Amino acid sequence: MEVTLQPVRWNSRFARMAAATAASMLLAALPAAAQGTFITVSSTTSTEQSGLFRHILPEFTKATGIEARVVALGTGQALDMGRRGDADVVFVHDQVAEERFVAEGYGVKRFEVMYNDFVIVGPKADPAKARGKDVLAGLEAIAAARAPFVSRADKSGTHAAELRYWKAAGIDLARDKGPWYRETGSGMGPTLNTASAMNAYALADRGTWLPFRNRGDLEIVVEGDKRLFNQYGVMLVNPARHAHVKKDAGQKFVDWVISPAGQSAIAAYRINDQQLFFPNAKAGS
Amino acid sequence: MLEIFASLGLALELIGGADPTLLGIVVLSIELSLVAAVAGAAIGLPLGALIAVGRFPGRRSLIVLLNALLGLPSVVVGLVVYLLLSRAGPLGSLGILFTPAAIVVAQTLLVAPIVAALARQTAEDAWKDYEEQLTSLGVSRLRAVPTILWDARFSLLTVVLAGFGRAASEVGAVMIVGGNIDGVTRVMTTAIALETSKGDLPLALALGLVLIAVVLAVNAGAYAIREWSARHHG
Amino acid sequence: MAERAPATLHARDLTVVLGNVRALDGLDLTLEPGLRTVVLGANGAGKSVLLRTLHGLIRPSWGKVTWSRPTRQAMVFQRPVMLRRSALANITYALAVNGVPEPERTRRAAAALTRVGLAAIASRPARVLSGGEQQRLALARAWALEPDFLFLDEPTASLDPGATAEIERVIASIASEGTRIVMTTHNLGQARRLADEIVFIHAGRATERTAADRFFDQPASKEAGLFLQGELPWK
């Protein structure tokens, strides 16, 4: 007999190979989830996209050995993440919503960290004559001219602020809302992209606007109003609600951002020589 | 037009410069998509072949359902996986939300129906050729499943690649369950979405071109394997 | 090959309805052991359906097929279906499915390959073999199962004369070891060379069953006479 081929059971050999490959790849993919101490911070797109976190987080990690992983969402979603227990720390900018979060028992205690400011951006030609320092006058002019305005409409901190300004300006959106008022239901960046494409006005936080590249014909038309200041707060998610919250590591993060070291790291972050965030943690709080 | 050319240049620069951040994102994307494709294949291939070869009540409905799942909106999958893996959800104790594992879970759920539906088609064609011969040899329908899968392996490689393509190009679900965390769960698609929302359209497009290049390279490799095998195995 | 008590096949009132067509229409047939039977008939007379029904691939609409004792059967088709693996593995696969353990499995597969003259290409992928080689491999695969009954449905229909002769030699060799051969062909020369008896099928019935040497000179039925004169359509 001339046949010398070994009996080959390809099916099972193939299956074993595939299984081994799959297992090793899964193992390779998973360690990122298991190494070292890390906390999950739910925050806003403004802090993430402005590059602030990329600037300050390495300093935090160096000081504490803790890795902070940031999930950037609108303030409303970021707080919901904390409510569900999917974050250890919430770092957002909507004081009213934050205080409710703490009052409901989801957050331990709210600490003020820093502020930046909102600006109204719009076409250089300013067809609504909104330009100036007064945010309410600016919005009134836009509404009066029925000039295109793009709203985030996503329950973010910026959206909440925008609604407060409209109300303060005496404009009832429910009544005056028309084709000129566009709701994107998305984040700051996509909303700015829309505004840029439509050559429309929009309320933006300075931190997202400054590094924003796709400006088209838009520029800042209203800034500097005290009422445009935008306060950020930080809270540890309540371990009494969610037992798995990494309270020690999370508390370290809270302590660090309001410490002198954290505060000066925030102050040191600049784009085009402009400071984006102004630390204002109360000493000893 | 100019923007597209600028992006092309930028894409080449990104690839040529081997920027470590970009490299990390690309490697993570490929890795996760491969794992998801393999996991989706492990579920989808036997399932598809079983439906192709099997005769059982509800088979037709299952085929319709499977074909409908091809159009499964990824955001829905993302949301469901999010709710499952969230600390407040039934699988919250695993603690894998916002980790690469969560991305793989979501991608696998998206890939498996695609692989199953396409594998069913392929296996059904193969079964038409094989049914008499295998039945004659005394092969049961269940036993025929691995035989068909193995014999159609070159065609099925394309099917698995389609799954890989879906996983790699997935953004909605990956954003929701991964959280687009810098250095942890940021993959090519979520990086593209991020750069888009930062208004850096040329960079976003350049990343998109890199993604296309990666998918193209993987497909070209698979095509070469298929050609070679077809020549040598008939 | 192991000695086994010979088996007899009985088909009673065999009727197969495919769509609107009665492919078999109340066919009665008994196949005693030890003979080589060639089923002849015009195109569409029901030859292939008969073989598939006897083999169990088609479930009869009425009537039934019974065996005098449990039998092993195999079938070789007009177009061999080769699995996408080596020639040897095509046979070991069939043996594995039928519960033949190693090392017996490989030994038997190799022996079957040697008998059909394919030992030298055992490791070649089956799909790249020539048509004649594939059919010999299909015969080897069937043979390795050591069947009591071997059904062959036009096994040489798509082969050249050289390959056909080779297949005929293998079939004769299988038959000489006690396997009951039942085959269809449209090659009358082949029928003459291989058949001990002829079963003639017309319109889904077996109209005659005659010893081969008599059939070609004096067919009993009118239809068979017409068929041999080339009056009935066949391919």
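All chains are identified by letter, namely A, B and C, in their written order; residue positions are counted from 1 within each chain.
Assume a contact is a pair of C-beta atoms (placed from the backbone, for glycine too) under 8 Å apart; a residue touches a chain by one contact, two chains touch by 3 or more.
Note that this is a predicted model, so its numbers are computed, not measured.
Counting C-beta pairs in contact across B-C and across A-B shows that the higher total falls to A-B. Most remote chain with respect to subunit C, judged by CA-atom centres, is A. Put simply, the C-alpha centre of subunit A and that of subunit C have 75 angstrom between them.
Rounded to whole angstrom units, the spacing between the C-alpha centres of subunit B and subunit C is 46. With each centre defined as the average position of its C-alpha atoms, the distance from subunit A to subunit B rounds to 30 Å. Residues of subunit C in contact with at least two other chains: 85.
Multi-chain contact residues of subunit B (touching two or more other chains): 147, 150, 153. Counting partners per residue, subunit A has 10 as the residues that reach two or more other chains. Interface residues of subunit A, counted against subunit B in their complex, comprise 10-11, 14-15, 18, 21-22, 25-26, 28-30, 32-33, 40, 45, 48-49, 53-54, 69-72, 83-86, 187-190, 192-193, 196, 208, 211-215, 242, 244.
By the touch criterion given at the top, residues 31-32, 34-35, 38-39, 42, 86-89, 92-93, 95-101, 104, 146-147, 150, 153, 179-182, 184, 194, 196-201 of subunit B touch subunit A in their complex. On the side of subunit B, the complex with subunit C involves touching residues 129-130, 132-139, 143, 147, 150-151, 153, 232-234. Across the complex, subunit B is touched by residues 52, 55-57, 74-75, 77, 80-85, 93-94, 97-98, 125-128, 141, 145 of subunit C.
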